[in-house]
Every structure is written in structure tokens, then in C-alpha cells.
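These notes are about the structure you will find just below.
We call the chains A, B, C and D, going by the order they appear; numbering starts again at 1 in every chain.
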Amino acid sequence: MSSVTLIDAINLALQYEMEQDPNVVLIGEDIGLNGGVFRATQGLQEKFGENRVIDSPLAESMIAGMSIGMSTHGLKPIAEFQFMGFIYPAMNQIISHACRMRNRTRNRLTCPIVFRAPFGGFIHAPEHHSESTESLFAHIPGLRVVIPTSPERAYGLLLAAIREPDPVLFLEPKRIYRLHKQEIDNNGIALPLDTAFILREGSNITLISFGASIVETMQAAQELEQYNVSAEVIDIATIKPIDFETILSSVEKTGRCVIIHEAAKSCGVGAEIAATIAEKALTSLLAPIRRITGYDIIMPYYKMEKHNMVSTTKIVQAAKETMEY
Amino acid sequence: MSSVTLIDAINLALQYEMEQDPNVVLIGEDIGLNGGVFRATQGLQEKFGENRVIDSPLAESMIAGMSIGMSTHGLKPIAEFQFMGFIYPAMNQIISHACRMRNRTRNRLTCPIVFRAPFGGFIHAPEHHSESTESLFAHIPGLRVVIPTSPERAYGLLLAAIREPDPVLFLEPKRIYRLHKQEIDNNGIALPLDTAFILREGSNITLISFGASIVETMQAAQELEQYNVSAEVIDIATIKPIDFETILSSVEKTGRCVIIHEAAKSCGVGAEIAATIAEKALTSLLAPIRRITGYDIIMPYYKMEKHNMVSTTKIVQAAKETMEY
Amino acid sequence: MQDYNEMLQFLDKDGKLSDDAPDIAHQFDTLLKLYKAMVTIRTFDHKAIALQRTGKMGTYPSILGSETVSVIAGAVLDKNDVFAPYYRDQGTQYLRGVTLTEMFQFWGGDERGNNFHNCKYDFPCSVPIASQALHAVGAAFALKHHGKNNCALVSLGDGATSQGDFYEAMNAAGALKLPVVFLICNNKFAISTPIEKQTFCKTLAQKSIAGGFDGLIVDGNDPIASYYVVKQAIEKAKKESIPVLIEAITYRLSDHTTADDALRYRTQEELDNAWLKDGVNRLKNYLIKNSIINQHDVENILSDAKTEVKEAVEKYLQIQLQDVEDLFDYHYANIPTILAEQKMELKNV
Amino acid sequence: MQDYNEMLQFLDKDGKLSDDAPDIAHQFDTLLKLYKAMVTIRTFDHKAIALQRTGKMGTYPSILGSETVSVIAGAVLDKNDVFAPYYRDQGTQYLRGVTLTEMFQFWGGDERGNNFHNCKYDFPCSVPIASQALHAVGAAFALKHHGKNNCALVSLGDGATSQGDFYEAMNAAGALKLPVVFLICNNKFAISTPIEKQTFCKTLAQKSIAGGFDGLIVDGNDPIASYYVVKQAIEKAKKESIPVLIEAITYRLSDHTTADDALRYRTQEELDNAWLKDGVNRLKNYLIKNSIINQHDVENILSDAKTEVKEAVEKYLQIQLQDVEDLFDYHYANIPTILAEQKMELKNV
């Protein structure tokens, strides 16, 4: 047992699986000596050598495309994109190939790749360093999209992602990389890739979130106690596929729900959650579904970015309004 | 007045605006002598020369990136992507630059670009020629996404797109490029870029669609008459921004709605429509909102693609179930 | 081996063999085998177009004019090498073991055509231009990583040399010192776009300099030179664990695909001239000249090819449609609930 | 003008001027102006880091070590040329007319810093590596289209030469014969990745061959050679309407950004050695040697620079935050209803 941050947990999981499986290789920009810009791969090149921790040239399409060729030919690449804002040059490779290879070859060639990328805002970084465009990927058949929100889940979900026989986009909420520590057992036990986590049970309202916004969501749930509102908090964790069973049974129980995410509202993941609830649990709803999200804007440069962040206050207010509806 | 197909209407609009505005230039693969693979630009190079109808090298990121530089420096490029399946290499340029230039320079540099791309399936084409990933773009701040479904709307919306001072993704439902002819007046009158079209008035149920699926949606509305169901049909036409005023007032009137699109269901544009209705018109709903869409799968190769298409039967059935709810 | 700025040619278009021709010029068994394969592919191609015209197949890209170098790449590659084709590689694919039936099936709009039974580790045709180059680099990395003395060969069209992925692949293959052969089939056109509009470069071979490695130009219609160059490139790639680029000069004798009409953008005259350089005829004449085959053999070879193609067509036409389940079952090893539900939904339609 | 495989240098690191030095070596007015700008930029840079360390600015990429060529590009470009910078181009931007305050503001996380008031048609710094190269090509197309005798100059880092966009830009600029100067600042590192891991090429200049045009290498710390080469390149680009590439050899004397610690991946010794080649010192010594300035002038120049920077800092620190409306008002010329609604929503928070 050791007490680790979310980013440490990622490092631990990488190391664990690299030890277990000689075919696991890491590829990305500055992941070797430098250990990655957030130090997720710190120490791994020293331990596993330059052939397993590959400092690649600076080209994201190449990183994704090479990962495809590596994965179809016996390796299990874990590719790092330095920031989610730099994943776009790789979209063609991810959408047109990584996610399609199994289907187009009827299982002959497969792409067990983990694409890792830090995402989300509010670390006061320059432009393009604060993206939350997970919904773009959640629309893509053949892909899984996973987002951990605690050291424990980071460890277990990353192990699962590496072992999954299909491509997984593993998005890391960088704002909470070092937010708090948690005791985790480095036991190699993976978590499921299709199950949401109920972080807090409650009976009056369901708060559904993922990524760094989980922090504000949990705070909101706490605050809502003052108003005698018992909030259930679900961390959906797997953005694709989404565990609607957990979501629906919670909403059926509470009859109310607020969906929270940092990404822009229109066509965000929250839309899919709201739409499915409206489809399958309409009659349970005692109030309209609310979405508390980023606005439909480009993430402002950091002087103003806080205005585009989900806040505890906004969540509490939406929840109260929902309760009073 | 002349009787033209949807693709002819596009050609007419391009020609009209090129005559009016010397800064309008076309760029794309095979758009010159060849007139584009669908002949949208037929005859235009002959008429306007190689400097205004540019046969570009084969590189989509380049087409988008060059268009950005052209548009910030006085031209109005209309860039053609041969198929929507080949737009992905350009995602970085579109998302990171075309849609951000105005905001990041506080109006100093702007990108009045039209990105044209044929989209959708069922033309029996090879892999990657049948994409419907419009929802990826509908999530991007700074972009407009427009889809015409008739020659008239193609003409008017394309003119509007060209004249718009911001980037517009103009998606052309290729399945209906030549489906039927319509009399149109080549008068240079544009249509609004934020207004949905009520194609058919009705009082019992609202059918909301866009793109080629409008055909099946209209057929379904027709068929529903047999069952004494009066269906209103809305062609949302502008996928971003969506005209929710028209949608909401229709649903408030009918109390029932089915959303139809060809794209995969999860995180498709239908999710946003359903979510917003559930948010803003919940109490008007007499039945759950249904989505009739493509499955969450890769478009099958053409031998089997019909199974992934939206059909009149499916829409009629969903509408009937909604009525009987 | 050296950099060529000039196109290497040993057997010229009139069938004259140069004095310095390499050994392969006299390895007639091999040449005959190559010839037969070329005839088969040309026959296949002809039939594929016919099937398209009669509604039994969809859009198809004819390989007419590039059979020579395409077949040769297939002949030279080792079984354990990896091939990453673009979509106009029927010759290489055929000699790699992709069956004609599989090819019909793929071009007939059926994913099962990509489930190659004889070359399980080759990539399927890549439609998004140049993207497959990176897969070849990744595969070469895996081969090297696993200690195999094999290479990956990726083929691309001339148009593909404008795409970023092509350069990223070259640069990475160089930087990581990987055995990758880039085989560019310069058939002079990318759909309607002539090579002159595609680039300001005098040759495509010179683009390899941006990756830091050798680029060669060969007459892709010269079977002797093509064989020689492809073999040398593959050997060099493996021996030195290094990339090599080949620009094979051919000419697209067909329309771009069955959906295209090339006379919109090029003249019949240009086409007629290009036919004079055709590699398949050139090899035929060379074999006849050297008394390896006679006119009678030529006919037999053609009729064997026709039989082979006919059988493949029959098999193709007999293939049952897939089950609708198949639309869902190959997306993930572990099918997500939502897909399982949608599968049920479709089955109940 | 010719292709260079060797780095052009006239003023060596020890201050020795070669015999064949061009005119600029004796245009002391210009050189003095350049020197002053370099000192200003170095002072600005120093201050920017200090502001970051004290929480008054966010992550900042120091230009230490590349001021020479960066300033020179700004000096040589014509007002009506177009500049497409990457993010380490403070020198060029400064001479283009971007104010120091605007630079502080940009790096201080405020979009308004990109609303350049003195060079309205230059692009803002591009963060996504190499993407701006295509904007330069598009701008060059527009310039040519409108009959202007101007060029676009795009700057890129060495790491940027691995990105597809860089090559697509070169190829297109060549194919369309556009006046674009590609100025690569090879400071030997892309964050931690040394140039040897970035490419197998001996030089980055040779990459221009893939675009079909000339590539030159210059000592980016040599003010004489840099001026000469950048000027020639720009003139050639305009005169012949053709692209040119320059590889300027420098060394990143700072960490990658304030968020980096370069000692993780390179030695102090290497850094100390690189300092010996510093271009700003080289120019200073050259000017002193030629009695253009003395030690006293040097101090005055520095103190003037400090004053200028100090004033810019003061202005920067006094800038009011934007209104929250500004978050919404620059997305579209015609604001969509949904954004207008969201704006109201935020104003009511």
C-alpha cells in the first residue's frame, strides 16, 4: 500500500503492466528522460529502455498511426498525447483506422492501443492546453473513452484499458493530477470499463458527472445536505460506452437529475445522457433535466477561464431549482 | 427560372457569388477541369481561371490551413473536401485555427471560409465514402454547420454561407444530389443560417430531421396520414446553431416528437435536440422522445449498408408507438 | 546502391535490353512466373470492371498500367514481411496470397474480403490517402522489436506524396531507423490532378531526402529494372535496418475508378502513347524474343488466367450476404451493452 | 544563391569576420539597431520569466539564445509582408510592431494581446506545432492573388519539421509557386527531444528538397550571416515567386518554458558551451571592436531597454480584466441565439 496522487497511480499502473507484459511499449513526445510534461512516465525509460519507452518525433498523426501498426503486429502501445488540444492531427488515424481495423478485417487485425491525454482546464496554461472535447470521441464507433477521477480509479481503469483488446482513449483530468493522495494497493487488479461509479448515495437527486468536475459535484452534494437534499453522485467514468443501467436506476429512484461537465454544452456528452434519460426514464422525471456545463465557447485564455468553469455554486443552485420545480 | 437538382443549385450559387465577389476562390482536389468528383464545380475553372478555381495538391490539412491564410488576408475561400470521410486530416486546422482566429485576435483576423463536403451513405461507395459525423463539428465553438435538403435551400443556404463572415461547414447530402429537380430563381437571394424549415405542418407529432433522411421523414409523414396522424416535419438545416425556437414551439404544440438522422446515435446531433427538448419542454411531452438513427457502428460496406439506414418504416413505427404511448 | 536522379531502366519500351542488365534478366523461370501473374491480374481487372458495369460490384480502381511493379513487389517480398497497400495494389496482394475472390469481395462491398486467409498480417487496402504509411512504420517497429529480420513495404500513389502522413512516416522511419520500403507508384495522376500540379519537385524520389535516406527511380513498366530495384531496396532495408524509397514510373492506363471519366482531363493521344510503354507487353515480347514462350503459350497463359478469374467470380457471386449480427460483432472484442441492444433491435426489424 | 550543405557563417564565435563578409557587416547603423532590439528582447525575456515566477504571468517560453535571428527576421521583413510566428518569436514580433505590452498580455493569458495594433495582418503566435506554416502559404497565395510583391514568412522550431503540416505547406508552396520563406529556428531541442532523435536528416535545410526548392543553413547566432541569408531568401521568394527555406542554427539557452527544467535532460556543460556562441554577445563585441559603441554605450543601451520593458510591464499590470461578455462576443460576427442566452446566463451568475 502506498499513498499516491492520480498521476502517480498512472505511473504505477504503467510500470506494473510493463513488467507483466513485455509487449507493452510507450510512445510519445518527451516521455523518456523527461518523463512526460506531467511526469506520468517518469523513470520508465530508465527502467525499461529506449525500445519500450520511445521518445518519438513531434507528430501526433505519426504517434497514432505508428501505434496502429505496432498494435496490429503484436505490441500493445500506450501512446501519450501531450495535451488533448494536440490530439486533432491524429483524428484521421484514430477515427479512420484504429477504431475500424477490427471491423474491416473481421477480427483479423486488431488495435489494442491506449491513447492517453491530459484534458480539461484551469491550470493556467496557454491556449490549446485546456481542451475538453471528449464528446467528439464518444461518438466514434469502435472506440472506448475512459476518464478516471481518483488515484484508485486511475490505477484500475488504466490497467483495464491496457488489457482491453481494443483502442481506448484514456483522458486524464489534469487539474486533479495532484489534488489529493489515496492509499492504493499495487496489486494489478483492473476495474471494469463499462461501469459507472456511485461516489455517494442519495435519494432526492442524481448528480451525474465525470472528469475534474467531480470535485465540484461532490462539494455540491455535500453542500446540498444543508438544504436537506440528499444527492446521489455518479461518476460515469466510461464515456463510451456509458453505463446507463446505473444512471437510469438512480434517476428512477430520485426522479431528478443534474448533469455536470466542463466541456461545451451543445453536443457534449451531457446531451447523450439527458437524451437517454428522457427516452428511457421520462415518466420517472419529476423535473426537467438540467445540464451545468461549459458554455458553447472556446476556452478563454487563463485570465478569464474561471468564468467558463463549472462551479459548486452553479451546481447547488441548479440542484435546488430542480428540487423546487 | 430553371429546373435544377441539388448539385446544380450548388454550382449555380458558387457561380453567382464568384461573379459578384472577385475575392471568392475555390480550392480543392480535382475541382478544376474535372469539376469535382460530383461535378459541383463543373465549368467554373473554365469560366474563372486557375487562380480562382485552384486544383490543390492532395492534402486536406493543407486545404483547410491554406484557406485560413487566404481568408485572413482578403480572400473568401470555398474549400471542397472530396468526401466527409476525408475531412479528418483537416480537423486540427478547422478546430484549432479556423474556428478560433476571430476570438483569439479579438476580431482582428477572421476566417470567412466555406468548407464543403458531401456526406452520408447509401450511394454504394467504398469504405470512408459514407460518413455522417456532423455532430463532431456541431460541438465546436466558432463554427457553423449547415445542411441543405433541396435545390432551393442548397442555393440559398450556400449563398448565405459564402457571405457569412465566419467559417461554415456546408455538408451536402450526396444521396439526394440528383434526386429531384426544383425550379429555382438564380437571383442571389440567401436564406438565413439560423432558421429551421417547417417542411410540413401537422398537429399530432413533430418529426425532426436533417440531411438525406428528410426524404424518408417526409414519406413517413405522408404514410402517417393513413393512421390519422398529422405529422409536422422540421428540417433543422442549421446543425449549429440549431433553431430551437422553431423546434420547441412545434413540440409544445404536438407534445410528441421523433428525431431522425443517419449518423450514429450516441452523441449524435439528435442527442442535443432531445436533451434541449427535455430541458425546455418537458411538461409539454406526452410521450418519450424517440431517436431513429444509425446504430452505434461503423457504416457497413455497401453490401450491408442498407441495414444501417433510417427507413420510412422505422420512422412510421416509432411515430405510431409515440402516438399510442 | 546509390541515389538515382535518373530513372533506372534495363529493358526499354522497344524491348531492347541494356548491356549492364542484372541477373534477373536471365532468370526466366521467375520472369515467366511474373508474367503469368501480370496476365492474371490484368484479366482480373478487366473482369472487375465488367462486374461493376453490370451492377455486380461497386466502384473499382483499375490497376491497368501498373501491374508490372505491383506484381514484382509481391514476388520479392518475403512471406514474413508486412505489406501495407493502398487501394491500387492488386498485383502485390495477389502474390502475397490474397485470393481473387477476396479481392472481388472487398471491392464488392463486403468486409470479409479483408479477412485474408493466406497473409494474415498484411494490412487491408487503405482508402484514406497515405495514412497506411504510418502503419507500415509501426509494423516495422514491431518486427524489429521482436528481433525479426523482416521489413514493411508500403505502397502509395504519386498524389499520396502531398499528404502529411507520408512525410511523418518517412521522418519517423528514419529517426527510429526502421526497415520500411516506401514504394511510390507514380502513375502521373491523382484522379484528374497531373503530377505537375501535385508538386514542384522534379522527382518524387528526392522526397526521401527529407527523411534522410535513399530514393531511387525506376521504370515501373520495366520488369527487369523494377525487380532489381525492389529487391535491392528490400535487402538494404533489412540489412541496414533503414528506410528506402522507390519511385516507380508508370502511367494509369484506365480511368481513376469506374466512377471516373479520364477523357475529361487528358487526351486519347497521351493515353495511346502511354500504351506503347506497357510493362506486360514488354515482358511478353522479351520472353518471346528469348524463346521462353511462343504465341501459343501466350494464349494458354491468358486462357489459364481467364479460368482462374472465372472460378473466382463464381465463388464471389455465390457468397451469401452476412448476417445482420455481423454489423455489430466486430467492433469490440467485448461487445458493449448498447451495441448488444441495438443488435437485438435490428434483428427484430 | 545556392544550396548550402554547410552552415553559412561570417562572424565566428570568437568575433573573427571572414574576408568574404557581405555589405551588412559594415552597415553599422543597421547593426546597432539590431543590437538594441536584441538587448530589449533579452531584457523583456528576463522580465517575463520574473513575472511568471512571481505569479503575475503564466507559462512562458523564453527566447534566450535565438534573439539574433529572430530580431533579424523582423528587421528584414517589409511592413506589407506577412509574418506567421510560432510561439518563440518575440524578436521578430517586436520589430514587426507587436508592443511589449501586447506580448506580456498574450503570455499573461489575455486574448487582447493578440489584437496587434501596429501589424494588423500578422498572425498571432501559433501553439499547435507547424500548423501556422499553412497559414503562411494561404496568406502568400492571397498576396500574390492581389498582385502584391510581398511574401509570407513562417517561423518554426526544429521539432516542427516532424509534423505533416510543415511538409504539406512546403509542397503546396512549391506546387503553387508562392513566395513563402520557411525560417526554421533549430535550437537543438524540442522540449527534451534532441534533434538527433527528431530526424535522421543531416540537416533540416535538406528537407526543402521535398518541396522542390532551395534550403540554406545559417549560423543563427551570427548577425552578419543571418541578415544576409534572411534578406536573400526574402528577395528571392518575392522576385521569383517561389518558396525558400532557411535553417538557422541556434541553441536554446533557457528551459523550454517556465514549466520545464532542462537539466533533467541536458548537462550544464553543454549549456555553458552553447553560451560561448551567443549571438547577442557576438554582435556586441563586434560593434565594440569596430568602435561603434563602447562599454558605456552598452550600459546605456541596457538601461534604455530596462526602461522600455519596465514601462511595458507597468502598462500590462494596469490592464483591466475583460468583461465577461467578451467570452462570447468574438466567436461570430453574428452572435447566435444560444450564445446570447448563455451570455445572459453568465452575466446573471
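Simple rule for what comes next: a contact is a pair of C-beta atoms (placed from the backbone, for glycine too) under 8 Å apart; a residue touches a chain by one contact, two chains touch by 3 or more.
Just so we're clear, the structure is a prediction, and the values are computed from it rather than from any experiment.
Using mean Cα coordinates as chain centres, the one most removed from chain C is D. Judged by contacting C-beta pairs, the busier of the interfaces B-C and B-D is B-D. Chain C and chain D have Cα centroids separated by 44 Å. Chain C has its Cα centroid 36 Å from the Cα centroid of chain B. Taking each chain's centre as the average of its CA atoms, chain A and chain C sit 41 Å apart. Those residues of chain C in touch with two or more other chains are numbered 111, 128, 162-165, 168, 171-172, 175, 197-199, 326, 331, 338-339. Under the contact definition stated at the top, the residues of chain B that touch 2 or more other chains are 57, 59, 61-62, 85, 88-89, 92, 96, 103-104, 127-128, 141-142, 241-242, 266, 296-298. Remark: chain A residues 61, 85, 88-89, 91-92, 95-96, 99-100, 103-104, 127-128, 133, 135-136, 138-139, 141-142, 240-242, 263-264, 266-280, 282-283, 285, 287-291, 296-298 touch chain B in the complex. Contacts from chain D toward chain C in the complex involve residues 161-168, 171-172, 174-175, 177, 197-202, 206-207, 209-213. Per the touch definition, chain C reaches chain A in the complex via residues 82, 84, 111-112, 114-116, 120-121, 123-124, 126, 128, 131, 133-143, 145-146, 152, 164-165, 168-169, 171-172, 175-176, 326, 330-334, 336-339.
In the complex of the two chains, the chain A residues touching chain D come out as 29-30, 32-35, 37, 55, 57-59, 61-62, 85-86, 88-89, 124-129, 265-266, 295-298, 300-305, 307-308, 313-314. Chain contact summary for the complex, chain B toward chain D: residues 25, 51, 54, 56-57, 59, 61-62, 64-75, 77, 89, 92-93, 96-97, 102-110, 141-142, 144, 164-166, 194, 241-245.
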